[in-house]
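See the structures that follow.
In the two complexes below, subunit A is the common chain; its partner is subunit B in one and subunit C in the other.
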Partner chain A sequence: MVALKWCLTLLLWLSITLPAMGWTTEVALSAEVTQRLAVAAQQVETLHSDFVQEKYLSIFEEKLISTGQFYYQKPDQLRWELLEPVGSGFVITGDSGQRWHERIDGSESFKLDQDPAMALIAEQLFAWAKADLAWIKQNYTISVVSEQPIQLKLVPLEAAAQFLSHLMITFNDSDRYVVAVEIHESDGDSTRINFNNSVVNSEINDAIFSDRCLK
Partner chain B sequence: MFVTLYELLAKRSGLLLLSYAVFAVLSVSCILFIQQSENIESLLPDTAGTEVRRDFNWLQKAPFARKVLIDLHAQPEVTAEQLKETALTLHGAVTPFFTKVLSGPPLEVQHNLPALLLQALPNLVSENDLMVIEQRLQQHSIRQQLTQLREQLFTPQGWMTKQQLQRDPLALWQISAGHLRHLNPMAHSDQQQRDFVSRDGRHRLIVADTDIAIGDVIAGGKLMDQVQQCVDLYVPAGITATVISGHQYTIANARTIQRDLRVVLGVSTVAILLIFILALRSWRALFVFMLPASVLGFSAATVSLFFPTVSGITIGFGAVLLGITVDFTLHVYFSLRHSGQPQQQLRRLTPPLIGGALTSFLAFSVLLASSLPGQRQLAVFSMTAIMLAALLALIVMPHLCGRSDKRHHHSCDDSVPLPQRGKGVVVIWVLVMLLCAVAAPQLQFDGDMRSLSVSTPSLRAGEQQLRQVWGNMRSSALLFARGETLDEALVVNDEIYRVVAGQQSIADPEKPPHLVSLASILPSPQQQQRSRELWHKFWLKHQQRLVERLQQQGGEIGFSSSAFKPFISWLNQPTAGVDLNFWHQAGFTDAMSGLMIDDSSSTSATSGVALISLIDETELTPQLQQQLAAVDNTIVIAQGIFRQQLSQALAHDFIRFIIMALVVVVAVLVVWYRRLSSVLLALLPVGSGMLFMFGAMGWFGLSFNLFNVIAAILIIGLGVDYGIFMLSRCDGSGCQQSEHAVLVSALTTLAGFGSLVLAQHPAMHSIGVTVLFGISAAVLTALCVVPAIYQRLNREQSGGER
Partner chain C sequence: MIRYNWPWRSKWQSLKLAMVLVCCALVVGCANHPFERHQPQPLPELTAQQLVDSWWLVTGHRYLCRHSGLLEVFMRKVALEGVVKVDTTQQTARLVAMDTMGVKLFDLLVTKQGHQLNYLLPLLEEHPQLPKMVAKSLRAIFLQPNPSVQQRLIRRERRSVLVADSGDSFEFIGMPVRLNRKVVSSEQHSWNVEYNQYLDQNGLWAPTGIVLTDDSGFRLTLWIQEIREL
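Showing the complex of A and B:
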């Protein structure tokens, strides 16, 4: 009986610690998971979240923490705004957008086809927001780390591979939106973004996606 | 001889007509088979010593010569965002109709552009750039820069730019980026914007490329219609779209010509019909016009024997000048048709007709000395046409004009004297000529080809707006740096940049060099080597201080001590030079191609590599021109200078031609008459016509252009003919139908060419003005003044003899 008790305790300890040590089992993206994500994504028209970003960069002595807000509306509108420690952000509608910084009045227009860096960022953010697996499959090798909640590991295929090692994306229990993104860079640096207070399908004022000032 | 020939052919009129029919058919065939060139180059001087033609060829290579520009101007109530949205929408809407459409600088911006610009920097730096870098090494500048860098790392952009920020913490790539402004031909645009936006933010520009030739009226018209439809559909109220392109000038010209043709053809048809009904009254009079017209093909064929390509302009003007040859057939028609003694009439008519033809033939021959190939072609064409038309008039026409009602028949021996002309006619003529003599010196020669083209008020306003808002890009001065290879051209280009920048800094020491040039981003290998040496020296001096400050300021902000090792390491690495391929890979192919012509595989005079720099024409001062002239393999071309050179060349050529033509005509008349009074009387119509034309144009403030000169030939030819025929009428050697023939000849000329004065097209209008003034004065002088003076001279002579 004592042996059984020890065995159970060991199993329980292993079940907690091994995943934390990265000893998780990754499996290929199944049709079932794909179907779950696709069905859930279809139900999302708008999404609003607060986020906390933690950066672990070798060029800094300490981790960098920032907070902000994220808005998304189908099919192609997005707002990413950093509130602390420095106010800055951008909105994208279609193939053009505006960006701003707290030290500069007004905002600056950009077109995605003229700004490759912003185009790459927009693609990533839209893919996470939409759970666009078709696009993700074209750019990453996808494996499933966990099915409940769904956690995907994305290893870049081409363009981003020079600076990106992999991404970890965790969905909420209902599979409808992302609750955490981890960006692991090739040089060992990493960034974790936790999305919280997420609201799905609430009405979002159009002004949110048009320019800097929230109306 | 012609009388004998007449008698011989009178018995074989069928054979004669058949021969003529064959002649006419062959002539028409010649026209069909001759390859005509529509190249404007036939109107440019090609003689040694002139650079007009070379400059014209280089002008065609100007970057903005063939582009369609659409300026969008927002009214105050329209926001910058609405203007931008409209520009984006219109950009998308017109894209299917063009090969390329740009609403911003043609840079295929790569995400690694800052890295590439940093890599290029050691090869591009100047002393001024190093001073800017030194400013960035100040404590506060470094702190400010590192703070921004830290903030940037919080943003999503920071995910991708972290390595670049480590390699370039001072954002030195911006120094190279500053060099890129020299690729922007729009001097007045807001260079901070990614799109073509004016400094006040109220204008946006769309620049479109098309394969459609500027001269293609149909395709160009369709293209402009499509653009206009897009403008109508997508440009809302409050935003004004102004479209500017060379095609619009072609279309405006074509539409004006179409309108003019309707008006002019209508008026001239009615006028010629009236002349026909009132003066000619027979279907046989059609031969009067048909015979001269039938020499057109053979005349063109003769031109093709002497010139590799026949200019369409030559044929067009040649056809106009054929009007002169109608004179010959008209005289034959009137003389023989109204006479019962054709042989006798022909005998009397032949000398003045040959005299008239000879003077015209020789007058045109002076054009052979012209520096314009088109003029030389015109000389060959006209000389052939005059010779053939005179022969047809004397050989064929007598058999085609028929005989009129016998009641009207006169013999040349019938001495029907000319009606007496009063003294008042001469007095009025003298007064008019004096008035004209006063105004004639005011007449200016205008060699500007643009003044011969239609320019609507809206086109002029559009050009003006474009200049004000975007700079003088469509008419910048072009500075060509030539070399057999790219490297050779780059060396010349560096020197041009140095000279222009030096001159500009003298004019305004505060202002940085403002010319469009590749030299700022693609210097010659030698110049790059000099820049690298400057760079190396600079960092030898400043590197230690930089390291210390990065450590200190970075540490205070939170950066680790190794954060900027990649940057310091890069500063100490040897740097490779930049070449064309480097910039192509950086996405600058389109931006650079407009400033580079690679004809190294060609065998033409412009073969090799040429790099184009652009400066505002107002800055091309005589001093700068002088300095640039001292730079080998440099060609400086400005539209203003080009127009001035062309104007001078043409003015010199044409004045010389008119004087030579008059000298030849006088010489022929002196040999012909051997009597001063007769020579002067014969010259009176042409002299009066020319003086009246110059004087009237002077009074009306008109200028004399290329087309006036060509039409002036018509005046000289016809004016001399009028003089010769009227003198023969006065002295009784000619036929009394001469004044009738002269009058009808003048009326048909005025109906056909004088009616062009109603045209709006400047070229057609110029011909009309010349003919109207010149022929009117010449014919009135011939019909009224020549007889009056002749009669007076005759009376004095008779009185003296008594």
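Showing the complex of A and C:
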């Protein structure tokens, strides 16, 4: 009896302390969580967020901070823009877009079907903005780290596994948008993007998605 | 990474490419200088030792430098973000170059004699010249050659120049005294580095705008965001 009590106490203690130490339990993506994300995503027509990007370089033990803003409008318009320390960004509407950089005059047009690097980035951003779990499942093994708020761990299935260890995606309390993305690379580097000041379903001027000049 | 692609994709590509190669040196040479330049103040008579001592990359130090860069190769422009660790004792520079999204493009260790490519983004494997060019530029900017007290000193009113036997020259201006320009010239190949906009960076008097111009047709510009001694 004493041994049983001791075991129960130990289990209780572990259940409290391990999550606090970062030891989390992952479970497979359930139909319920899938449904919650799908329903919430259907309610999002537009999304605007500021973000802070922290890139950790393991060889220098250095964290690089950048800030920017992000706009999305259903079904296929996107603006991703870094403001500090160096301005750069791109806009996408459908299968084409414009990109720019503070150090280069003007902007450059691109077509997603002719630019594999941009296509890869666009695919990821649209998948997260739309919570497109069907696409995500084709590319990652998904497990659920937390259900409230929803936090998913994604392990790449194919080519990306060479350099990508896993991603951690955290949604806001209403499940409607992502508040944090962590990208863990195989060599120990990582990137964390925290989205803040998010505004859902506000009206976004078309000019936001047309070119570099906003103001 | 922003890449401004070759606009020549037609059947006349070869001919036009040849025309571009002929014009490229002019284009790079005539490109706008990205940093303001002012008439330097008169420079007092300083010894070679005093000039060499003013150089921020003197031996015995290690620095970490965050920068953004623009590589111009012929008519093409590539924007990069980077962090470089310079060890002036070992004469090495380790660079991690990224695109603006934080995606690592390549990881290079540059020494006096060569370089080692520790990582290259698979999408860049068809552009092996890119890390090679950057390695060569880093060596020129941070490692080799360096001003030395053994070099011949030529004094002018507003500048002093140390000239090596090889013809390499190091131009200092003032005040405060600072290396303004490094020139390496030979019959086969010439390049120069300009060090602009010196600022106090965490107690270190160092340039924040660096331009390397190579007569083979490329230019690398670095905007230094932060330098600190390790």
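Keep this in mind: the second predicted complex is superposed on the first by the 191 of 215 C-alpha atoms of A that agree within 3 Å, B and C clash if a C-alpha of one lies under 4 Å from a C-alpha of the other, contacts with A are read in each partner's own complex, and residues count from 1 in each chain.
Please note the rule applied: a contact is a pair of C-beta atoms (placed from the backbone, for glycine too) under 8 Å apart; a residue touches a chain by one contact, two chains touch by 3 or more.
Because the structure is a prediction, the values reported are computed rather than measured.
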item: First (subunit B), second (subunit C), both or neither touched by A:Met118; value: first
item: Which superposed partner A:Pro75 touches (first subunit B, second subunit C, both, neither); value: neither
item: Contacts of A:Ile104 with subunit B and subunit C, given as first, second, both or neither; value: second
item: Which superposed partner A:Ser88 touches (first subunit B, second subunit C, both, neither); value: both
item: Common interface positions of subunit A, toward subunit B and toward subunit C; value: 53, 55, 57, 59-60, 62, 64, 66, 80, 82, 85-86, 88, 101, 116-117, 121, 163, 185, 189, 191
item: Residues on subunit B engaged by subunit A in the complex (per definition of touch); value: 81, 84, 88, 104, 107, 109-111, 150-151, 153-157, 159-163, 166, 194-195, 558-560, 562-564
item: For the subunit A and subunit B complex, residues of the former touching the latter; value: 53, 55, 57-62, 64, 66, 80, 82, 85-86, 88, 96, 101, 109-111, 114-118, 120-121, 124-125, 163, 183, 185, 189, 191, 211
item: Partner subunit A, residues of subunit C touching it in the complex; value: 1-2, 4-5, 34, 64, 66, 68, 70, 77, 79, 81, 83, 85, 94, 96, 98, 100-102, 104, 107, 119, 121-123, 221, 223, 225
item: Complex interface listing, subunit A residues touching subunit C; value: 53, 55, 57, 59-60, 62, 64, 66, 80, 82, 85-86, 88-89, 99-101, 103-104, 108, 116-117, 121, 159, 162-163, 185, 187, 189, 191
